[in-house]
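Structures follow.
Below, chain A partners chain B and then partners chain C, in two separate complexes.
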Partner chain A sequence: MGELRIAVQSLKMSVQARMQYRVDTLVASIAVFVRESANIIVIYLALLKFDAINGWNVNEMLFLFSILFLTYAVVVSLFADLRDFSRMIREGRFDRLLVRPRGLLLQLILNNADVIASVGHGTLGILLFLLSAGRVGIEWNPVTILYYLCAIIGGVLMQGGIFIICSALSFYFVETGSIRSIFYWDMRRFAGYPISIYNKLIQTLLMYVVPFAFVNYFPAQFFLRKPDMAGYNEAYIYIAPLVGVFVYLLAYLFWRVSVRRYYSTGN
Partner chain B sequence: METMIAVEGARKYYRVAKRGKGLTAAVGQLFNRKYEIKKAVDDISFSIKRGEIVGFIGPNGAGKSTTIKMLSGILYPDAGRVEADGFIPYKQRKQYVKNIGVVFGQKSQLNWDLPLIESFELMKFIYRIPREQYEKNLRQFCELLDMESFLGQPVRQLSLGQRMRGDIVAALLHSPELVFLDEPTIGLDVVAKEKIREFIRYMNKERNTTIIFTTHDMQDIEKVCNRLIIIDKGKKIYDGSIEEIKDRYTNVKTIEVLLENGGKETETFDVRRTSVNAVLERIFAERRVKDISVCEPEIDEIIRDIYEGRLRLDAPSAEGGAL
Partner chain C sequence: MRAYLEIAVRKFQDKMAYRLDFFMGIVNTAITIVVYLCIYRALYAGASEVDGITYRMVATNFVITLGLSNAFGYNEMFLQDKVHDGSITNEFLKPVSFTLRLLAENVGEGAFKLIFHFLPALLFTLLHTRLCPPKSALHLLAMLGSVALGYLILWLLSFIIQTWSFWLFSVWGIITIKNVLVSILAGTLLPMWFMPAALRRVIACTPFESIYFTPVRIYLGELDGAQLLSGVAVQTAWIAVLGLAAWIFWRRGVKKLVVQGG
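The block that comes next holds the complex of A and B.
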């Protein structure tokens, strides 16, 4: 269980380091929370004018959002170094991981947690969940609870996998910031809404290229069964958590192949 | 004695993208990048025995760090062979690095915001160091490096010398048998330098740790080790003892001239090639001299002259002199 000890010590260090700047951390976390909430409030107010979008009412939309925020809170506490990987390479901080007798991805994942983003997004995620889950008629029983947890884990793995792939690309290209912002951030923005509102192209992207649809849309359908599900294969709901596992494995393999390039180029 | 490190014909060439100026060049680069080859390490060979302590010295950009990176498994050689502790470093990374310690003087591996002890604890788990060993090493290293007074302070508040000592301890807690220190004394004050030199000597003597370190401070080498490898422009230009280098240069003299206008000039030359007479005649012919002295150059000056191409190491050694 050596890994668990590293994880505990690293998390302790990330939190303790932030606690050196208590006020700063608090203010920054609140700022993240407010910034993200402001987006949600704008959307919320706009939605009030409509009864529903493609059959989804406001509370159901908030439930959809809550999954995005909750998974992101976990993603940044694990994958912070991979999100900011090109900077790590540029500053030469990757070398030190290579001289330690542990897996590279393991070290990157356990190393740093983005405490501020995690607290900001996590608080909003929990709040949205509490506001919406009770009003959308979810019946919680062992099966639904288990599915929900699997969906969250799958969502975390999917997003972590995307960060890993973007990181691995920085072994080939100098600047990968724009790739990441298109493949992660822009796709994530689309994923705030039911994918059925988009044209074919965007739907395809969200399902088969950067499969955010399996992070929140299909898992939400498990609970809500909105009529627009008729347009998709029913099985997608059940394989949603597995899509995350699949993307993560793919990312892992791509990383393994790409990291070899580092040994030859240095940076 | 057993061989710890064997390097044969190692090369590392970097490809550096050439940058043109202006928009057309920038657009052109997108499609047709031009690369320049930088020969960082160019056909270097040496071997180091278990328990040895060797100093690498060379000017900035000589290829010292690149050599250390190849030895520690961060980079692989483009050509040639690098073997250490029975491993091919980059191929068997996880196995190999268990038994080595690496410090990059210019890049700390400590957590900036926390006391040293937190980073040390992390090393304990990463290297799976047994508790007794960890505590014994920690106690001993802290005493040797005189660290008790600042163990509890956040690293960002430490002086460069204190931080460097922290980095060295973090890299050695797992009792590695092979240690690489890349510029462990860079930018430090005399006291901190001396502490670190003492510690390096101790690790080598008492624990038989094989130590390779780089520096551009000749004092580090004179005080810490006997064997010295000089590299310049990616090539090894000397490998041997300090005494030998001094011996070889017993025939080298430095003439220091104080001019009447207050200026000062020095000239270093080999008495077997240039006669003292000739040098003096030239000086007197060209300048108005106030005072003159002839001396044996310091080892620092010899090294500098070697770098700058004014002296050649393959010069014939003195009759009956050096080896």
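The block that comes next holds the complex of A and C.
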């Protein structure tokens, strides 16, 4: 229970720290919201002209996007330190955690939340969900609600796992920004759209290398059953939440092995 | 003029020192191209043309605008940082105009990105997608001139907002919003042809159409003869209007500037 208290306390501190600059925080959150909306506005305008993208209409596209934003909002409130881990090592702030009586990964997750990104992405995610969920014919019952929650948790774990793996690589290489950029940010750009629009190579990357397809595409298919699902194994829909758990466990093991190699950058 | 050319060249060489940035820039550009070409292809769903616009024209529009928007990107927080740490005062002591020096640096960086990020990404695209050739050598030449004018429009928009850092604590939010407006309304992500008619009419009254779309239409031959000249005239008019606004903001900002300590 001590851990939970620390988590709440540290989230409160992150929010309070940001609230020192109220206006700046508000403007920055709005800016993040607007920046992330750009792709969505574009796809919305495009679907006013064209009817669908590979059979997905505008509401279904918004639903697909909403999962990406909702999960990311949770990811940055937990994994912000791991996202910016190489900077943390460079500035020597990681050493501070080594002398505290709690697990390293736990401290990294519970410390610091990126409040601005979380508010910006979260608001957008909720807005998209409210706009689309009622119009794509989802019947909400205990089973679908349970699946939805599991899919969100799985999506958070998957992305958290990728951040942990990229962070662990910092123990081997000095600069890991480009690895993170390709394996997280670029893959995430692909994941906004139904993966069936891409060629085989990109689809394989999104399913088996950085499994973003299991964050939003397959979970969305559980509810929507679009015809393009015919190209994939039906079971993928049901194992989607488990993929997140699997990636996270893999990341955890890799972290445990790698962290032993840590030498401080000195002071 | 020699001095500013020298500044632009320096910035260009500066950028060459970061090889990793260079590699990442190519990967990023190539991935953006792939994502959007896949989206357009899925939207076209096998149709040979929509409203008289072929897939090849859309792909050409996208690759050109993306290349230009890449080249036009630079550190827009430069002035704000200088104001915050007070080093802006050093700039006034130098025997070159700060504004022109900034423009020269940005052009140098743009030239670097055009050659080392955009060209490789373009070659990569040509491996799997056929693009439209320019209508004629003359159109290509006219387009290059129009690109320079479009660059100035975008640069002035950015500069105007940067000067607001004399008054505001942070212009980051406004710059981000400006960039989103440009990426949507200048037709970077969704070609201008497919904008809803009402929105298109609004855009026609703003500088956004003159940034990328005029050069692209000249390249494709959609603007010809008198239309070409009027397109370029509109671009020039926007430069005059924005240039005046930028000059006023800059003068007022500099007068207001108070730097504490030394």
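Everything below uses one rule, namely that the second predicted complex is superposed on the first by the 262 of 267 C-alpha atoms of A that agree within 3 Å, B and C clash if a C-alpha of one lies under 4 Å from a C-alpha of the other, contacts with A are read in each partner's own complex, and residues count from 1 in each chain.
Just so we're on the same page, a contact is a pair of C-beta atoms (placed from the backbone, for glycine too) under 8 Å apart; a residue touches a chain by one contact, two chains touch by 3 or more.
If you're wondering where the values come from, they're calculated on a predicted model, not measured in any experiment.
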Q. Which term applies to chain B and chain C once both are placed on chain A by superposition, clash or fit?
A. fit
Q) In the superposed arrangement, which partner chain does A:Leu242 touch: chain B (first), chain C (second), both, or neither? A) neither
**Q.** Apex chain A: angle to the C-alpha centres of chain B and chain C, given in degrees as a multiple of 10
**A.** 90
Q) Just chain B (first), just chain C (second), both, or neither: which does A:Val143 touch? A) neither
Q) Looking at chain A, which partner touches more of its residues: chain C or chain B? A) C
Q: May I ask you to decide whether A:Ala38 touches chain B, chain C, both, or neither, giving the answer as first, second, both or neither?
A: second
(Q) Quick check on the superposed pair: does A:Ser178 touch chain B, chain C, both, or neither? Answer first, second, both or neither. (A) second
Q. Which holds for A:Ile30: it touches chain B only (first), chain C only (second), both, or neither?
A. second
Q: Look at A:Arg5 in the shared chain and tell me whether it touches chain B only, chain C only, both, or neither; answer first, second, both or neither.
A: first
Q. Just chain B (first), just chain C (second), both, or neither: which does A:Tyr193 touch?
A. second
Q: Quick one: minimum Cα-Cα distance, chain B versus chain C, in the superposed arrangement, integer Å.
A: 8
Q) Which residues, counting only chain C, touch chain A once they are in their complex? A) 20, 23-24, 27-28, 31-32, 34-35, 38-39, 41-45, 50, 169-170, 172-174, 176-177, 179-180, 183-184, 189-190, 194-196, 199
Q | Residues of chain B touching chain A in the complex | A | 14-15, 66, 69, 72-76, 78, 90, 93-95, 97-98, 100, 102, 104, 107, 109, 111-114, 118-119, 121-122, 125-128, 154
Q. Which chain A residues qualify as touching chain B in the complex?
A. 2, 5-6, 9-10, 12-13, 16-17, 20-21, 92-93, 95-96, 98-103, 107, 263-266
Q: Could you please specify the touching residues of chain A with respect to chain C in the complex?
A: 23-24, 27-28, 30-32, 34-35, 37-39, 41-43, 45-46, 48-50, 52-54, 175, 177-178, 181-182, 186, 189-190, 193-194, 197-199, 202
